[in-house]
Amino acid sequence: MIELLRATWLLFRMQLTMVMRSRRMLLAILLAAIPPVIALIVATFAPGDVKPGEILASISFWLNLQVIVPILALVAGSAVVTEEIENRTITYLFTRPIPRPALLFGRLLATLVLVWLLLGSSAIAIALAAAQRTGELPDGLALRVFAANIVGGTVYTILFATIGVFLRHPMIVGLGYTFAFEMAIANVPGGSQSLTIQYHLRSILVDATETCWQSAEILNIDSFSSPGEALGTLAVVAIVTLVVGALGIARRQYVLTA
Amino acid sequence: MTDPIITLRGLEKHFGDVRALDGVTADIPRGAVGLLGPNGSGKTTLIKLLLGLLKPTGGEALVAGFNPRKRADRLAVRRVVGYMPEGDCLMPGMTGVDLVATLGRITGMSKQDAMTRAHEALNYVELEEARYRGLDEYSTGMKQRLKLAQALVHDPDILLLDEPTNGLDPKGRRHMLELVHDLGHAQGKNILLCSHLLPDVEKTCDRIVVLNRGQVAAEGAIEEMTRSDGLLLSARVEGETERFTAALREAGYGCESGELGTLTIQLDGRAEDADPIFAIAARVGASVTALAPVRSTLEQVFLQAVNEHEQAGKTASA
Amino acid sequence: MSAIIVAKDVGRWYGEVVGLSDLSVSIEGGVTGLVGPNGAGKSTFMKLLVGEIRPSRGALTVLGETPFANLRLYRRIGFCPQQDALYDHMRGREFVAALVRLYGFSAKESNRLAIRALERVHLEDAMERKVGEYSKGMRQRTRLAQAIAHGPELLVVDEPLSGLDPVARHETLELFKELGEAGTHVLLSSHVLHEVQSLTQEIVLIHRGRLLAQGSVGDVRRLLSRHPRRVRLTVREPRRLAEAFLRFDHVGAIRFHDDDGLDVETRDVETFFKDLPALATELGVGIKSLESPDADLEAIFDYLVG
Amino acid sequence: MKATTHTEIYRPFEGTLSTRSFRFLTIAWSGIRLASKKKLPLLVMLGPPAMAAIIFSFIVYASYALQKGEVPGIDAGQAQMVLALAGKNTEVAEQIVSFLTFPLVRGFVLLTVAWFGAGMIAEDRRLGAHLLYFSRPITRLDYLLGKFLATAWFGCLALLVPAIAINTIAAFSSPDWSYVKDQWDVILKTVAFSAAWIAIITALVLAVSSLVERKTLALAAVFGLVFLTEAVSNVLFQLTHESRYRLLSLFRNTDRLADWAFARKTSYDWAPEASLCAVSMLFASTLFVLWWRLRRMEEVA
């Protein structure tokens, strides 16, 4: 077990600079910067009656959770294993005395650090931008926005990284999942919603009692479960996916065609 | 030799602070010419400049009288030049004949001309049985020959071949060299062959231009540059080798033993054949299994040219 | 010298594409050349040796152990892959040191090993520059450095010479010679045959996924008795010498080309070479050169692979 | 007859190379052939729009049949169902416009153009195949036009062909060609509108394809871009209630232009010129990106 941790730590340090400098991270930074910019525009130009709470709620719900978090996780997460295979540098790591799951965990940790950094700062920036407006923020909302972004980024990144272990084109599968499956089912009221990560993230974010959620035009606002429960399910989903990924990468023989 | 097919005058090309070409001046005559140089000496950059794919930072190049820098000339150059790129640049999914015919039509051939020429070019490179198959089923050797076929489809009289034998196994390599040799000598094409496998260049070209650090390090006909002085012999002997070398030295011939059991024998001026050597071998009872005049191979010429150019470069900058 | 690599009916398929069909070979220590046409299974065999993939059938042992996912064995093997793939953003020393650390060395120790390895491949001055800016030859040598840094017993190298210019190729061969003399077993694959022959006489020839020939170049050539040996001479008076050769019963055929060329095919080349000096002095026909063009690896390759 | 042998294996080419160029047609046609080699994606992409077309043409046919009073082949119950389906407006032009702006159709046209267009330039650059093109006497315009037509072809299969099909059905089923006589402008407008919509999407997809190295990345980028602009414009509009932010969304703009083109009453409260300018700005910027990338591509080919 210690061998696994040590190898993961070494690979994490080795891959951090690589992940930091890759062109995908440039795209991720751009994506994370959009919500704060929108929040700033709204905070300055919106008519008088719009309260900061509403800005934070709408932007984090419709923009961050629905589009930015999944796409950023897709861009970062799908490269965790696939980039090593496509660059064919995986040979160096597979012929070294390290347990193979360490490769997945090492790069995943490096990618997650950046995802947290970007989404965390994006969430904070939106809250700050919203706070420019007169009127105070409902307490706990900013924290829930931050939590939803971080947890969402983590679960999605792990999911897409694991897809990358098994399939050659995780990007397409991830795209299909995000835009086709999730958008379709998460927005249609009914029991099947809880199948999507989006639903649980929204349960963390939305507190129906707060007034600021009225203007966000969210359908069936009261059908969300409690944040604690949502966090529980998401944690289970993350761990199970990680284990599946680790088992997958241990057994899989990546044949690097010339 | 008639006027050169390609003239280069002080050609320069800089990518940022990397000086890929640093003042190349050379006249490349008709016939097959080898373009040699260590990795990164500017060979591929030069070829792309000739095709007008890159704009030179300085100096000028003329290909068959056209200057690729000017737009109209650039299109004219590409009509008279066939280019075989280095990398694997084929579109999987297309069939062999489809690719060659399409590229033929893009060069300006009519539909019928392109189709007939495509089949002729594929027959020439002996790809008849694979012409209707998708490119992803082609082996490396077949892909290289297909790239040669697409360069030949519009029958250009200048061929720019970039590493044609790269990655080929011996059989594929010999086949490609036969084709290039035939094109250069039998079909009278002017070939600029860029390669780092010197035996291949020796088999197919008459003259070479050696590039190093973006400049011309050496230039000339292979025959002259590898001329041997006829007095130095390299021999391989089996059985009684010590007594044989001792006997040689007694008879006044200089003799040192090289690596892997070869002997280098220094003949005196007047002998014009090696019979005396055989006489000594017979007397001593050794059997000579190989004997040849020491000719500096193209590789030695190349290494020498590059080293001299490096020294000249160092002394100039020191 | 006990066998370091033993393969028994090893096969490996990728779907219906055959990598290796049925390879049985046992390779001794020292420097061995693995040759064969493209697609013969060289790369597949190497990937099996270093434990990157598992054989579909048959048994394979390297240094006495089965390689796939065998972490203990990985410490004793160094692998230099064929593809030109490196972490371009890292510096040379950083790259090698990071990979050496995975063998369990401390940071300081890994750094020292990395610097020593890079010095052996003559990359001392480029160590601190980014690998992305290296030339093709330097990238090749960096890949080699990461394979020898942890001092492996067996060094497996896939096509190290392809794409290298003569200067870099010369240095790489020198390095392999040094490693061989230092006692490291080297298995290197290549299809640039005259280079392999200048490095080692021991070859393993693979074709269509099976073993075709093994041993020193000379022995293998002698085995190919059904291909008579061709000897090419340049003589001032070829006709007179040819008449004399007719007396030898082991001479199969004689052919003249241009005015002083003479090709002789003989079934017993040793006696031919033994009798030639006496014959030459007796007739005084003026032999200028003598060579046997089909003694080299390339000719053997053609005979066997066709 | 004197015997002649033609054993020379290499035959020189006597023909001439024409300088007048329709090269982009060759590039386009070879691009189309190459892309439609794989039949499954073709079926998956073009299936749904075709089905939608069938449904809409049935509605058009039924509504005409009802107008004429006689109800051939379908009984009254079915007719009622069709009318319910058609909603209140049985006006045929209405049906066609609603087909053009129907979200499912629009989504699949975008998907089709993105799927076939994403690899057009990206894969050429990744494989280095652009070297083969640009070492030939073609101009950058030839290459661009060729790739543009090849991608737009699939857009037409997904949108233009179904739209024309509905129109022809309408023409035939309309009483003694009344549809053609007094509503011919609708036919022209359909063709123009579909062509414009396909052109815009093709330019967008090709621009993205020229920026990235890999087809899957280009595909993701196209969808990412479209959904991002939609989400941003929604949020901005929701909070500021100012409709000028809705100009950001490509779909809103095309709806507004469709209402203006087909003279339908519109639920949008800004002038069509604004949408027209927004869309043309998008189109101009994508063409600029394409021109800039192709210049660099030939330059450093």
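In this document, chain identifiers A, B, C and D correspond to the written order of the chains, with residue numbering beginning at 1 in each.
Assume a residue touches a chain if its C-beta (ideal position, glycine included) is under 8 Å from a C-beta of that chain, and two chains touch if they have at least 3 such contacts.
All of these numbers come straight from a predicted model, not from anything done at the bench.
Check every other chain and keep only those touching both subunit C and subunit D; list them.
Both-contact set = A, B.
Along touching chains only, what is the step distance from subunit B to subunit C?
1
Average the CA atoms of each chain to get its centre, and name the chain whose centre is farthest from that of subunit D.
If we average the C-alpha coordinates per chain, C ends up farthest from subunit D.
For the chain pairs B-D and A-C, which is connected through the larger number of C-beta pairs in contact?
When the contacts at A-C and B-D are counted, B-D has more.
Once you find the CA centre of subunit A and the CA centre of subunit C, what distance in Å lies between them?
That gives a centre separation of 50 Å.
Any idea how many Å lie between the Cα centroids of subunit B and subunit D?
Distance between chain centres, rounded to whole Å: 50 Å.
At what distance in angstrom does the C-alpha mean of subunit D lie from that of subunit A?
Result: the chain centres lie 33 Å from each other.
If you average the CA atoms of subunit A and of subunit B, how many Å lie between those two points?
A distance of 55 Å separates the two centres.
Can you name every pair of chains that touch?
Contacting pairs: A-C, A-D, B-C, B-D.
Sort out for me which residues of subunit B touch subunit C in the complex.
My answer: residues 37-40, 139-141, 166-172, 196-199, 238-239, 260, 272-275, 278-279, 281-282, 286-293, 299, 302-303, 306.
In the complex, go through subunit A and note every residue touching subunit D.
Going by the criterion above, the answer is residues 31, 34, 38, 41-42, 45-47, 50, 54-55, 58-59, 62-63, 66-68, 71, 74-75, 169, 171-172, 174-175, 179, 215-217.
Taking the complex as given, what residues does subunit D use to touch subunit B?
9-13, 15, 17-19, 21, 23, 26-27, 30, 33-34, 37-38, 123-124, 127-139, 142, 298-301
Mind listing the subunit D positions that touch subunit A in their complex?
Spelled out, the residues of subunit D in touch with subunit A are 216-217, 219-220, 223-224, 227-228, 231-232, 234-236, 238-242.
Quick check on the complex: what are the subunit C residues that touch subunit B?
Within the complex, subunit C touches subunit B at residues 36-39, 135-137, 162-168, 170, 191-194, 198, 236, 270, 273-274, 276-278, 280-281, 284-292, 298, 301-302, 305.
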